[in-house]
Structure formats: C-alpha cells, structure tokens
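Starting off with a structure, shown below.
Each chain carries a letter (A, B, C and D) given by its place in the written order, and its residues are counted from 1.
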Amino acid sequence: MTSHPRKDPLHQPGQEFDVPIRVRYFETDGMGVVHHANYLAYFEEARVETLRKLGASYKVMEEEGFFLVITKVELNYKKPALFDDQLIVRLRIERMTTVRIDHGYQILRDGILLVDGKTTLACVDKSGRPRPLPDLLRPTSARQHLGGFETTA
Amino acid sequence: MTSHPRKDPLHQPGQEFDVPIRVRYFETDGMGVVHHANYLAYFEEARVETLRKLGASYKVMEEEGFFLVITKVELNYKKPALFDDQLIVRLRIERMTTVRIDHGYQILRDGILLVDGKTTLACVDKSGRPRPLPDLLRPTSARQHLGGFETTA
Amino acid sequence: MTSHPRKDPLHQPGQEFDVPIRVRYFETDGMGVVHHANYLAYFEEARVETLRKLGASYKVMEEEGFFLVITKVELNYKKPALFDDQLIVRLRIERMTTVRIDHGYQILRDGILLVDGKTTLACVDKSGRPRPLPDLLRPTSARQHLGGFETTA
Amino acid sequence: MTSHPRKDPLHQPGQEFDVPIRVRYFETDGMGVVHHANYLAYFEEARVETLRKLGASYKVMEEEGFFLVITKVELNYKKPALFDDQLIVRLRIERMTTVRIDHGYQILRDGILLVDGKTTLACVDKSGRPRPLPDLLRPTSARQHLGGFETTA
C-alpha cells in the first residue's frame, strides 16, 4: 500500500484533538460539582467525536463487529468542573498496536487543567475475543487515511 | 389449567410489594437532592426485585426472549429524597393484560410520601414486536404461581 | 414598563425551540437503546439551552437564588433512540404563571417522533419555598425581554 | 487515651470490608455489560457502607463540614459484570494520613475478580481547603473507635 513502510509504529508522534463538552445538570452531585465518575463518560464522548473527525464512526465499527473495550483507566482530579462549564477535552493518541490504543486526556476550562487521565482500549469481537483494529485505525494504514499518525523514513 | 376460570382479569385486586433502596451519592445533583431522573431507575429496580420475590427473574426473561419495554411514565414529585436516605419503593400491580403491565409506585421515607408515579410496560421480543407475557406473569397463571393476583369465583 | 399590559398571560401562544442532542454511549442500556430515564436529562438539557437562547442562564438564576424544581413529569415512549443518534428536542412553552412553567417536548430523529412528554417546574428559593420566577422569565416581562412570549392587544 | 501509642500509623495492616452490590439495569450499556464509569459509583457506595459498618456516617461528616473528595483513581478491567450480578466490592484501607485515605478495591462475582482499582481521597472543608480527617477516621483514634486499624506494641 505504500513504498515507505512504517518502521516504529509505537513511537509515532501523538495527534491531539479538542472536543468541547458542556456540563449538564444531571452530571453534578451533592457537592455542587461534576461527579468524578462522569469524566469517564466525557473521555468516551471525546473518543467517539475524535473518530468522527477522522472520518470513522464507532457506531459503524460496532455494526461491523469491532468493539473497543476499556481495560485500564487512570484519572487525576485537580479542580472541580461545575454545572454549565464549557469544557475542552484534549485527547491525545499516545500509542497504538494492532489490538490496543492508549489515549491521554486533559480536561480544560479556560485553559486551566481540571482533570487529566489515561485509558487503554482493546479491540475485541462480539464474543469478547481480541481482534485486530479495523484498517482505518491501525497504525500502518493511518498514514494514508488519517494523515500524520506517524513519521515515515 | 384451572376449574375456576378468571372472570375479570383486568380488575383483579392489586398486590403491593415494598422494596428498600438506599440513596447513593452518585444519584444526587447540584441541588443536594436526588436528581429527578433517578426515580425511574428506582422504579425499575423495584420491578426487578418484585419479580425476584415472585420467583421470577427479569434476567432470565430476557434470555428467553421476553423484553419489558417502557411505553408510558408519570411522576409526581412531592418532596426531595436526600443522600443516604433509606427509601421504600411501594410497587403496586395495577393492571395486567396479555402483553402489558401497569404499575403504580410510591416512594416513602419514614412513611412520608416523596414521589408517586405510574408506568406502563409492554412485552416485546428481541426485534421489538409485541409478544405475550411469559406464563408466570400472565394474569391467568398468576393465581397458581403467584398466589393472589386475582380473586376467583 | 409598558403601556400595553398583558391581558391573558396564560393563553399566550407557545414558543418552540429546537435543541440538538447527540446520544452518548453511556446513555444506552443493555437493550442497546437509550435508557428511558435519560430522556429526562435530555429535557433538562433542552430547558437549559433554551434559556441560553433567550439570553438567560440557569446557572446565574441559581446563583441569584432561583431554583426550578420539577413537580410533575409525563413521558410517552414511541420508538427507541440509539447510540450516536442525532436527536432534536423540540421544547414548547405551554403555560407560565408567576411561579410555574409547563413545557411540552418532542424528541425527533430525522423528523420521526421517538418520545414526547411534559414537565411542570416550580420556582423556589434555596430553602424550597415558592418564589416568583425572575422577571426575565415572567410572562409580563417576557414581551419586552424575550420578544413574543405573548400577543398583546 | 491509650498507654500504647501507635508507632507507625502509615504502615498499619489494612482492614478489609466486603460490600454486596446488585447490578441494576440502568448501569448496563449497549454492550450488555456494566458501563465502565459505574464501577466508580460502586467504589463510592462501598466506602459509604464501610463507614456505616465502622459506626460513622458520610452524611453526618458532610453536615459537620468534612468533605472527602477524590484526587486520584486507577481501574483495571478484567471481566465484565452483567445485569443482575450479585457482586462483592472488597474494600481495603491501604494508607491513612491526617488528610488523606488510600483505598484498594476488588470487585468479585462468585470469587472471580472482575475489576480492581485504587482511589485517593482528600479531606477538605466546604470551601475546598484541606482539613484534617475527623477523629473517628484518623489513624490515631482508629484503635479505640474502630477496633483494629493497627497493631499495638
């Protein structure tokens, strides 16, 4: 597919995507701030919207039998987000292998870091068995399709 | 199945079941009270626990292809429930037909009514088409299995 | 404030507002559709965004001591919404009094009605006592501020 | 208060508490499993119920101006939990300082590990400033009140 085969797919420079999210009342808790579990839903929304920006659709991926399941999460809470805040979720693709994607996240309000975190996703089939990521998301095809997931020799 | 056929299945006296629910922090919102959407989850939990008391399992029902979907909801909010409140959800079977169940609900704290409501459920198959309720939940079999869903002549 | 006092504030023609909402994965349930409780969060989001379109802010209202609490809800579920659906919540102001607002809602996907409903809100102060709506939202001031909440003689 | 002062409060042997949680339908997602964000709500419920077993109440703590806020979370997902699963959340107190508690968690179904994780909580006052934990939860008082948070010489 290319005359410039990737050499080190695991060290490709990370791409970043900013996804805006408005805090909804339902997401706040009795402390008057966003409940800490909801940031995982924000991360998920940022992944789905990033796929959309890349021309992919997580909905279509599932219809085609590719399921991205979470295997690991880390979150650091610095400052609370509040109802009605206009947040930016800055998503960074940290690392991709045939069956796995690591993302990094920063949640910002007016440029101030509120929460950062990481997730690891594994690609599985409907029965939960590991399955290679679809071509669109695999590092080797990313160069053609996504424009810049890696540097080539 | 019986020599005493039911005569008026739609007017059988309602049975009531009390299901205790403890309010979780996650369920409160920025007003410091249970967010109003969560009472629908409480109603749902009460239905599942009531089925369990009756010897049925909603999980098994789904495995056997019976899905109970909500078609109608009414809720009246009188007083707020708070974090850590020990609530009682009083569920009453109001009406049952071959494919439909109407429930009434009262949510109580120390005997005080906080919320009441009604739901209508329809039984469908996996593709969403109407399907008769399983025998265990049908009015005509309720007498044998469930003890008292109806009065007989 | 005006030489054309409102005559029949309760029969003013209803205004409608369309608020787009994208279904998030977190909002789906084991049936593969949006869990029925989440439509109440969609209604709430539509109210907040409608206030924003009208130049108001629910966040500021709360800061100024006006809390809109739900006292009544009705929902009719026609068809399920699915993950990633781009929905329209069509909100209509049905009726306003000094302390109360009734809204009607339709949730649409590609023009197809999925869910409709109604809510009643009451305006209260921080301690939960009824309080007149802020001027911006009161029928008599709506004419000046909001442009068209009512027809005048 | 005691003739056997604690010597090394940070290395006291950890206590473990098992809290049963039944998976509710609302907590499942379109993959037919518990959505990964909800395990943080399970951890939270386990902390609240553990405090209750220890004779404390998180609700009373907040009323007295002690707020436990999450500063860090780690989660590892091994196997999915399903609707209606009867889970055990095994909570372990890993480390306590004057203003901070580290917990470890295992979520088990029939003895099988589904999810494990860690959280760090900080004690703050209503305005978010660090505040020493209440006596009941401080390591030096734990021996008298809680029976066994540490070994004494």
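Definition applied: a residue touches a chain if its C-beta (ideal position, glycine included) is under 8 Å from a C-beta of that chain, and two chains touch if they have at least 3 such contacts.
The model shown is predicted, which means the values in this text are computed figures rather than measured ones.
A.B. asks: Among the chains, which is located farthest from subunit A on the basis of C-alpha centroids?
C.D. replies: B
A.B. asks: A-D or B-D: which has the larger count of contacting C-beta pairs?
C.D. replies: Looking at A-D and B-D side by side, A-D shows more C-beta contacts.
A.B. asks: Rounded to a whole Å, what is the gap between the Cα centroids of subunit A and subunit D?
C.D. replies: Once rounded, the distance between the two centres reads 29 Å.
A.B. asks: On a C-alpha centroid basis, what's the spacing between subunit C and subunit D, in Å?
C.D. replies: So the centre of subunit C lies 39 Å away from the centre of subunit D.
A.B. asks: Rounded to the nearest whole Å, what is the centre-to-centre distance of subunit B and subunit D, using the mean of the C-alpha atoms as each centre?
C.D. replies: Computed value for the inter-centroid distance: 33 Å.
A.B. asks: Two or more other chains in contact with one residue: find those residues in subunit D.
C.D. replies: 25-26, 30, 37, 41, 44, 62, 83
A.B. asks: Spell out the part of subunit C that touches subunit A in their complex, as residue ranges.
C.D. replies: Answer in residue numbers: 24-26, 41, 44-45, 48, 57-59, 62, 82-84.
A.B. asks: Which residues of subunit A touch subunit D once you look at their complex with the stated criterion?
C.D. replies: Interface residues on the subunit A side: 30-31, 36-38, 40-41, 44, 62, 67, 69-77, 80, 128.
A.B. asks: Under the stated contact criterion, what part of subunit A meets subunit B in this complex?
C.D. replies: 25-26, 28-30, 32-33, 35, 37, 83
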